[in-house]
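Here the structure is laid out as structure tokens; the discussion comes afterwards.
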Amino acid sequence: MAMTDGKRTTLGVGMVGHAFMGRAHSHAWRSVSAFFDLPRVPAMVALAGRSRERAVAAADRLGWRSAETDWRELIRRDDVDIIDICTPGDTHAEIAIAALEAGKHVLCEKPLANTVEEAVAMAEAAERARTDGVRSMVGFSYRRVPALTLARKLVADGRLGTIRHVRAQYLQDWIVDPEFPLVWRLDKDKAGSGALGDIGAHIIDAAQFVTGEQILGVSALMGTFVEERPLADASAGLGAAPAGDRGRGRVTVDDAALFIGRMSGGALASFEATRFANGRRNALRLEINGSAGSLAFDLESMNELYFYDGTEDSETAGFRRILVTEPVHPYAGAWWPTGHLLGYEHTFTHQAKDFLEAIGTETDPSPSFADGLQVQEVLDAVTRSAGRNGTWTAVGDSRAPAEA
Amino acid sequence: MAMTDGKRTTLGVGMVGHAFMGRAHSHAWRSVSAFFDLPRVPAMVALAGRSRERAVAAADRLGWRSAETDWRELIRRDDVDIIDICTPGDTHAEIAIAALEAGKHVLCEKPLANTVEEAVAMAEAAERARTDGVRSMVGFSYRRVPALTLARKLVADGRLGTIRHVRAQYLQDWIVDPEFPLVWRLDKDKAGSGALGDIGAHIIDAAQFVTGEQILGVSALMGTFVEERPLADASAGLGAAPAGDRGRGRVTVDDAALFIGRMSGGALASFEATRFANGRRNALRLEINGSAGSLAFDLESMNELYFYDGTEDSETAGFRRILVTEPVHPYAGAWWPTGHLLGYEHTFTHQAKDFLEAIGTETDPSPSFADGLQVQEVLDAVTRSAGRNGTWTAVGDSRAPAEA
Amino acid sequence: MAMTDGKRTTLGVGMVGHAFMGRAHSHAWRSVSAFFDLPRVPAMVALAGRSRERAVAAADRLGWRSAETDWRELIRRDDVDIIDICTPGDTHAEIAIAALEAGKHVLCEKPLANTVEEAVAMAEAAERARTDGVRSMVGFSYRRVPALTLARKLVADGRLGTIRHVRAQYLQDWIVDPEFPLVWRLDKDKAGSGALGDIGAHIIDAAQFVTGEQILGVSALMGTFVEERPLADASAGLGAAPAGDRGRGRVTVDDAALFIGRMSGGALASFEATRFANGRRNALRLEINGSAGSLAFDLESMNELYFYDGTEDSETAGFRRILVTEPVHPYAGAWWPTGHLLGYEHTFTHQAKDFLEAIGTETDPSPSFADGLQVQEVLDAVTRSAGRNGTWTAVGDSRAPAEA
Amino acid sequence: MAMTDGKRTTLGVGMVGHAFMGRAHSHAWRSVSAFFDLPRVPAMVALAGRSRERAVAAADRLGWRSAETDWRELIRRDDVDIIDICTPGDTHAEIAIAALEAGKHVLCEKPLANTVEEAVAMAEAAERARTDGVRSMVGFSYRRVPALTLARKLVADGRLGTIRHVRAQYLQDWIVDPEFPLVWRLDKDKAGSGALGDIGAHIIDAAQFVTGEQILGVSALMGTFVEERPLADASAGLGAAPAGDRGRGRVTVDDAALFIGRMSGGALASFEATRFANGRRNALRLEINGSAGSLAFDLESMNELYFYDGTEDSETAGFRRILVTEPVHPYAGAWWPTGHLLGYEHTFTHQAKDFLEAIGTETDPSPSFADGLQVQEVLDAVTRSAGRNGTWTAVGDSRAPAEA
């Protein structure tokens, strides 16, 4: 087992899934040790995928030494210390729990699970494994956008004072066209939910992470604008082509989810996740107003953080565009000279770095499975409130109707 | 009476109130005929204010020929054809109804009234007067920001297709400081509500105007962050200084109001009005996503409209910054060469122009008192939903609990 | 004479010309006393224009009490204290000198003159009149954009340290179409020069005003892209329509002028004025970098000033967007609440206010005719350098070839 | 020799230098085959550096199989097909010529050389080798920013019409502090020139690449603001710390270079390269105005291209923000879903991809050494003009004074 083998200088990684997320994670494992000083460096041992042919091709292309067709084989291998789960949400619980029980560290893509029940089981498994030094982490990678990590720091440093407002949106537009096919992300059985779990989960986590507060309760509204779509290849992803003549099927998830709520520190918050914001390709926006200052962020300009310091003289006060590429900024010093931008994929590189460091230093990485469960509970409260005419629904109590 | 006197080339205006709004309206009446060709030009006949000394000084400064201390005197004067109401909301109904019954055209600042009941009475008075050719209009002046008028035109021309999302915010920050005094806008008796009626009314009207759709129902959340403030001079306005040692009083209105809802065309909408968005001085933002395109606007950059044309080839598609100063743009041709900006106050100049034209051409100006009443009903639904744990509340039924 | 008549509370204004600039100045004279407390308020006594019919119509529309067809009549009138010159540059010298000699205060549109010789005569006349208490000022109105006035203040306060770079551009696009007609601004006899004198003069003045430094010398390049255009009505302005079939004439001015130079404090500077920057309607941009900070401005967003404070910690340093509408900002306190924008025309209102204050307090207004002459000398150096293959040409020595 | 060995599926790379550029190139070689389908994939065979200890550590960290202490050893190795030169400019000529003569393909960082003479020799060597199928390319990596590649395409497609203006700036601020030490980039012997060759070379290449035109001649101005600085470790780079007490030395390069010029198609152009633009970390800005449209770009927002289509109706015309992450955009389809940003380093990945493709398909990569020589000639004309009082200096004639 990895933790007890002091002489090894590498940590073997086994990755399950090799689609969009698998490509991004592979790039992170391949790059991380060239930029960061790590206690133990990753070895890209094996990748698992259901089709042997495709798994072998992906392993070859993405830099993995070998391929398996069953994730259980990854868990059995001695040279694998870390299981990295990059599959759709319906498979997370089974894989993660098995891996943890086998003593493998687990990095699991978000959302942690498709249901609160699964997430509870996973968090419990993580807590048991933790007592044996087995680490687990859920992949809310946007915490590792340097601008958002800096945002968290500024809030923690008190630069915003008491938080009054959170305004979070995740706007995409990839299914505006009603002829876009019925990919797995539009299938409730696979994906759990639509915009809500896919991108809404990101803004829930980001808002809670940056403010250091939790969402207490919500009033919600969800909708599906296009209820039937052409059938697609089951494995089709975001860039899928129109589907030809396979007939049509029912969209079983939400196209958009909106909710308003209260944060644990008293702030009023509004959230919106949609795949129908024409022209907004990937606009995760977060704006936070506090008694002493404000912050604004947009993932479409992910190297920038806007900060308003309310303590400045009004003659020169204004939102500052901080280009988050300075040596003093989170993660940025490891990369290029100031002013040279980082791309999307390095949120995963930073995630890999932090996970490897946590393993190497025997500390708990963050966000934990318990954090992932808490996000799942917010998602659940949103779904329940939307089903109850928007009535206020407390987070964390999935059985009884909640009071404000 | 004005309408029957074919020989007059002017229309006498009497204005009630001479604070912030009075100054802005005066500037409009003084400027409008220098820029627009009007069937009948305004004469700034008289201004009314409670203090003689201050009313006389204001009349002199703002260009009014005379001053009265009772608005009833304005209504009695034969040389006054138009009553322009610029006082706090609690006085609107009495003045407007009296003026309409006296056969005076009425321009009334928003919100139309402080309650649905008052607004109903006003709309009924307006409808009665209308049959005698007496015109009335409510001052949602932002409809006359050229960029928002253009936005309306683009939606009406079908450039956005089916509206999917409305995202409206009115963010200010003038009471972030807990020592800012208890001015009349923080007093429910005078102002009716806080951020909701003052600036929330603007985004409700703007969203409905631009989309051409109505808000059907809402789930709402309201809050007051600072519950006690130093007492102030009753007439103090937005720029009031800290109040010295007069003791403290209770804030009886909302500091912020958030709500989500559905539009009559099926769009999902979110609204937020707050005076606690530190660093956002006057950010009325409206973003609309449709099946064919999108629009975005921010009053802090009020000469700009952002338009995304979803029918463009993806190679060059993107949000365009339209500088709304072209001769083909609404109102803009009357002003300066292309690229020369207009300021806040000309929303009132455009409003005066449209009202004078409606009177001159004997047509109904817009927005009508009925439109003002409908906004009042949305405000009322928001308040009721916020009082009922955010439960969905239909607009326009202020007696019975509504269903989704 | 105005200055000796202590009992008068008004100052009579006579304006020459009533086209674009005349409209803008009229709006300023009409508005200024409603917003600013002035020692003496303007009376709009008379306007002069060559055509009686058009002058009378303009006076009526723009709020002038009477009209004259000869500017000499304005000068003769006892009720006129101020002559406001809004005609093309070829007439400035004659009118201004006659007015000054008659003891009238003179506000003259920029550029001061079409040649250095005329400007010298005007500056000398202004200096002679000044000893009798007669005031004169040249209309570089952009000094009164609050954001640029604030920029000057920040530099004067030392917030930028030693100036290293000035980057000034005035980009317009109104003659991109080769069929746009040959209006007077494209005729060297009337306009003196093209983009250089019209808009280049503005950035020269703005750069010198904000930095408090002068341009010492230049290397220049000028060009005319479209050499022949359809003939137009002689009085046609910026918004002229294509000309129909009157034949074609020669463009005798520059379409664009570029120059680089040194400022008196050691900064390196670059300037560009063009009417061929497609899509840039009115982009007067000024960027200044100093050892301690930087500033950036664009007239297309004229209420905003971007300020970089180089003394901030690099964690939160960044260009701040200052919305220049605060009570502490230049001129802004007289207008609307914070966050409410001002338009283009109020640069003229501020200019009128400052000129009236200077007259009322018997102080010298700024920019003086001597300042206007100095700008003319820069224009002259640019023209000469462009005619000498870009060779370095010192400002202020219009006879001999200059050395670096 | 690589080209004749049809069975090899890899191309061995040997890299000289392992500082900032070496790290960037290594990341590219390591990543390129995971994202692009290549005819032959790179093998990271060996890295050369003068210190064995540091070379071995760098090879290990950056993913190279072995390390050499003499670049001549790299050239001698049979398993090396490509020599990648990442050293300061004074060494380029010797290494590149030796490598080409040994039949190795050469990728050489920009600027090609420190003098025109060296660049001529290199271009001649490249031309000789080319006849034997040996490929060479100079590393103007910004041609591979997808937004700039798209800009080139739009110009080539005629979307801008006739180019009227080029406005190019490269603004950095890393030596604003006069106590920043005297690193090699401030030493003329090593670096050839200062801002001019380092970053001015980039905007010269970018402007010529995007427009498809060449700079014909220039008027220039150069300056050094801080003439002495603390001595530093010879290998210190951009992020060097203040130097402690080693004494002071003379800065022998330019801090800033400005020039104006004419393009071969008739456009007027202005260029500025500086390391003293406080607050501008890495602002390579390019703006191009044509008779039919305009483009604007800023490397600090490198995933965005602003495009103005002058053929649009003026009602909706405006600069569009194109987020250059669409499948149809250059290089972008190989990466992430639309709206997910790319970072700085992938300009090098794209460069590696294009170079590998050119080798694999036996075609000439671009930019060639001849292109690099032409940029060197522009740099030379700038330097000579600045030395001759800004007098117009033609590009490409480095012996005789040139005429306009």
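Letters are used for the chains, namely A, B, C and D, taken in the order the chains are written, and counting of residues starts over at 1 for each.
Following the convention adopted for this analysis, a residue touches a chain if its C-beta (ideal position, glycine included) is under 8 Å from a C-beta of that chain, and two chains touch if they have at least 3 such contacts.
Labels paired with UniProt names: A, B, C, D = Gfo/Idh/MocA family oxidoreductase.
All values derive from a computational prediction rather than experimental measurement.
Q: Could you tell me which chains make contact with chain C and chain D both?
A: A, B
Q: Going by the contact rule set out at the top, which chains touch both chain A and chain D?
A: Both chain A and chain D are touched by B, C, going by the contact rule given at the top.
Q: Could you see whether A-C or B-C has the larger number of C-beta contact pairs?
A: B-C
Q: Determine the centre-to-centre distance between chain A and chain C, using the mean Cα coordinates as centres, and give it in whole Å.
A: Chain centroid spacing, chain A to chain C, equals 55 Å.
Q: Return the distance between the CA-based centres of chain A and chain B, expressed in whole Å.
A: From the centre of chain A to the centre of chain B is 42 Å.
Q: Could you please state the distance in Å, as a whole number, between where the Cα atoms of chain B are centred and where those of chain C are centred?
A: Those two chain centres are 36 Å apart.
Q: In chain A, which residues are in touch with two or more of the other chains?
A: Residues 280, 317-319, 323, 327 of chain A each touch two or more of the other chains.
Q: Mind listing the chain B positions that touch chain C in their complex?
A: Where chain B meets chain C, its residues are 20, 23-24, 26-27, 30-31, 33-34, 61-63, 172, 174, 237-239, 280-283, 299-303, 323, 325, 327, 335-346.
Q: In their shared complex, at which residues does chain A touch chain C?
A: Result: residues 150, 154, 159, 307, 309, 313-323, 326-329 of chain A touch chain C.
Q: Flag every residue of chain D that touches chain C in the complex, lowest number first.
A: Per the stated touch rule, the residues are 164-165, 167, 169, 171, 173, 176, 219-221, 223, 225, 256, 258-262, 266, 268, 270, 272, 274, 276-280, 289-294, 308, 310, 317-319, 385, 389-392, 403-404.
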